[in-house]
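Right, one structure below, let's go through it.
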Amino acid sequence: MSTSIGELVGRLGGELVGSPALPVAGIAPIDIADASQVAFLSNRKFREQARSCRASVLVMTAADSEAVGAAYTGARVLTPNPYAWFARAAQYFAACNAVPIVPGIHPTAAVDPAARVAATACIGPHVTIEAGAEVADDCVLDSGCFIGRDARIGRGTHFFARVTFHARCQIGERGIVHSGAVIGGDGFGFASDAGAWIKIPQTGRVVLGDDVQVGSNTTIDRGALADTVIEDGVKLDNQIQIAHNCHIGAHTAMAGCVGVAGSATIGKHCTFGGAAMVLGHLTIADNVHVSSGSLVSRSLHEAGQYTGFYPLAKNADWEKSAAIVRNLESMRDKVRELEKAVKEIKAKKEET
Amino acid sequence: MSTSIGELVGRLGGELVGSPALPVAGIAPIDIADASQVAFLSNRKFREQARSCRASVLVMTAADSEAVGAAYTGARVLTPNPYAWFARAAQYFAACNAVPIVPGIHPTAAVDPAARVAATACIGPHVTIEAGAEVADDCVLDSGCFIGRDARIGRGTHFFARVTFHARCQIGERGIVHSGAVIGGDGFGFASDAGAWIKIPQTGRVVLGDDVQVGSNTTIDRGALADTVIEDGVKLDNQIQIAHNCHIGAHTAMAGCVGVAGSATIGKHCTFGGAAMVLGHLTIADNVHVSSGSLVSRSLHEAGQYTGFYPLAKNADWEKSAAIVRNLESMRDKVRELEKAVKEIKAKKEET
Amino acid sequence: MSTSIGELVGRLGGELVGSPALPVAGIAPIDIADASQVAFLSNRKFREQARSCRASVLVMTAADSEAVGAAYTGARVLTPNPYAWFARAAQYFAACNAVPIVPGIHPTAAVDPAARVAATACIGPHVTIEAGAEVADDCVLDSGCFIGRDARIGRGTHFFARVTFHARCQIGERGIVHSGAVIGGDGFGFASDAGAWIKIPQTGRVVLGDDVQVGSNTTIDRGALADTVIEDGVKLDNQIQIAHNCHIGAHTAMAGCVGVAGSATIGKHCTFGGAAMVLGHLTIADNVHVSSGSLVSRSLHEAGQYTGFYPLAKNADWEKSAAIVRNLESMRDKVRELEKAVKEIKAKKEET
């Protein structure tokens, strides 16, 4: 499907330098775009490539446009954030190319008569929707999804195939939940009694805001008494584990394999690299950024980047450094003894 | 649903100080409980809060009761383990409020005629039960579960939606398996031959005892020739991976994202913090406790708490410490040289 | 089911020393095999056990056979790689004992009329196959699998129950995908704009080669624009996360819980221990081996074994070493001061 750059700029904003009638058929990276495509300069280090770019339209900042100069002869869209413009343009083309959604309930779905499913929703094969559940307008629930009793799914939310959304949980509008995610499983709560574990029933919910994305096979447990809360705009990648009673602030993003233990409270606009882990009952401030593979073992009250992983080395070198790490105390003691000895030597010297 | 404190103490034990007829409608934390609720003092540091608690009944130890004194004027239940009492009381109220289970097989379920499903079991929509499988009395298999050939599920066990339980595996009584768990997938076994991997068929089973809980999206692989064994009372949180031929002792508990490599033998009453990892072919004694994010790389023959993760720091500080860790050998060499030099200086001094 | 050792050697190769007519009913470990079974000596340290082995046939190298000598009196198969012979023999016996596959589509499956499913394929209950998808000869799709639009599944590939294989993805011949795996979910791509995340549509595919195995609950994301590629013979264990646009070279194997961030390019014949992590946009050479629990934070251009995890210790000892690691900079500074002081002392001594 093709459109004109004028049409795109009308939808997405930016200042067009060139003919609005110019047809554009898609987007492509700056080095391989052809004359039917829009390309993007989102990093000044690609300015040189921009000069020889063959795209019909190049999206960039005004500063980059000046630096690129006349070497690039196509049309330009000037915008302060070319990468966000690129994302929205890609959404536009993806929507044009998408398979149309046909509302209705597949005959193999098992929808309880006491569930409320909007007429504009699309319910796939083998879906189960229990009594009291609400599925709002324009929702898409792909094959094999499970929606528990009294759960609520907001307008325009899309569950990919085989999502589990347990009883009484809620998600807002425009959410995206990927396949295999499990939302609202029991939190891991037990009391110890004479060597055995007594299960503590988990009666809270999971409540997710608007514009939340949940990755494939990610799990978010329901709260014990209160709720587990995921605020608006949070983005969770695949295989993330969020334990019971966590609270994750708006627009925080977590990469794959992150784990958050119970009752952790995480601020807004945080980012977590892959496989980062957060211990339970901690508080993390807004704008904290945790590096991949790092374990957060204490509350972080100050914004900033935090890291804690053992540096990789050739195995033989690691074995040496690990052996020393194991005995760092003895090395520190030796250094202390040396300090003392040197001090004594100096003192004696002064005496003489 | 409401009951009396006398009824509860009759079921759960403890010494009641107050009127047995006192009605109680539920449980709540000590700081927010109202006069219709039972509250719990399970940690002496909340004694001060207990004095102003408004709950109609406060459950605590005899020692705490004495310390709290007359400031708290409601009824009391004295028990050596208030937290376990709380768990059991919560179970009681949860059972009262639970949606009643209706035995029977949902018409969309695909149950092989050669499977044996108890008449009291409840089989949800889109469940598959293969030939030879046995589902005992009072089991609940929620929507989309898969039970392979000749698998056996003990009395009163509950599988949440979309559990996979492969051929010939077994689970005992009162088990709980959460959504997305996969029990009995192939172990990861290959022989290397001329640069390619030759699959070793995995013909063992997974055998789980009574009172086992398995978390959402947790995976437990079948053994290669022998079985993978999970003993009674083991509790596994979400996204745990148990490889083939592991043996996990009774009442051991593992938090989310733990991984256990093949043929590890883990004792009874152990605990593993989130994302702890255990290498293969190790033996871990009873009562070992492994901290979150720690890799167990050798057998642990002694009970106790073990830890091994890199301490978190501001990224700039971590970069400095990591650079030194990488070169610890050179630092150790310098310390040795210094020791030698100081020794020589001292020796010369004694000569003079 | 029983066969003769001559039949097995005819299929699997090796030099038979003994009667081809000798019946063999299965395989067993060297220490417990009985006279109806084949045993294997794949490690010279078990030569002593081989001398008293009761198996009717012992498979070993010529060198081991000579070392074992006449103490073992049964038949022998001599082969340079007894472990690979064992794997193939185990495959043979497993195939003999397997439940026969009955081609056809289960009546509860939802197969779009515009999908092409080979007549020899076996499609289980509650499977969904969307329009344009192709399922080749001899494929087995167990209960609850989801095959998206225009996806292609090569000859003889087996999906265990509840696999999700999204639109347009491809897998070659003889693949094995375990339960709960999700192939082709959206990659995790967002542009930041005024504090919110703008989703970048993920329009690439996942393309898997021949003889690939994917473990239970493993996730492999589709590429953003280009494809995520898994070459022939790659073996992925359970709960692995492969992010968008990764490229994994042929015959690389990854153990459970490994994570690979976006756009990583990994060579052929690599191995990754459990829970190893690879950061994004890195390049890893052929024949790199990464130890369990290690984070790869830079490209590795040289083959070899790499490691990086904090050594486990009793918690009290770890606390001491971790405290020192946190302050390594101050220790390094002290060592530098000591070096300077000792140098000065020596210099003064020479002056005198």
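Per-chain residue numbering starts at 1, and chain names A, B and C are given in the order in which the chains are listed.
Going forward, a contact is a pair of C-beta atoms (placed from the backbone, for glycine too) under 8 Å apart; a residue touches a chain by one contact, two chains touch by 3 or more.
Because the structure is predicted, anything quoted here is derived from the model rather than measured.
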item: Minimum number of chain-to-chain touching steps separating chain A from chain C; value: 1
item: Same-residue or different-residue interface between chain B and chain C, half as cut-off; value: different
item: Distance from chain C to chain B - Cα centre to Cα centre, in angstrom; value: 27
item: Shared interface positions of chain B, touching two or more other chains; value: 108, 126, 144, 162, 180, 217, 239, 257, 275, 309-311, 313, 325, 331, 335, 338, 342, 345
item: Chain C to chain B touching residues, read off their complex; value: 28-29, 81, 83-84, 86-88, 90-91, 93-94, 99, 106, 108, 124-126, 142-144, 160-162, 176, 178-180, 211, 213, 215-217, 233, 235, 237-239, 251, 253, 255-257, 269, 273-275, 292-293, 309-315, 318-319, 322-323, 325-329, 331-332, 335, 338-339, 342, 345-346, 349
item: Of all residues in chain A, those that touch chain B in their complex; value: 108, 110, 126, 128, 144, 146, 148-149, 162, 164, 166, 180, 182, 185-186, 188, 190-193, 195-201, 203, 217, 219, 221, 225, 239, 241, 243, 257, 259, 261, 275, 277, 279, 290-291, 294-298, 304-311, 313, 317, 320-321, 324-325, 331, 334-335, 338, 341-342, 345, 348
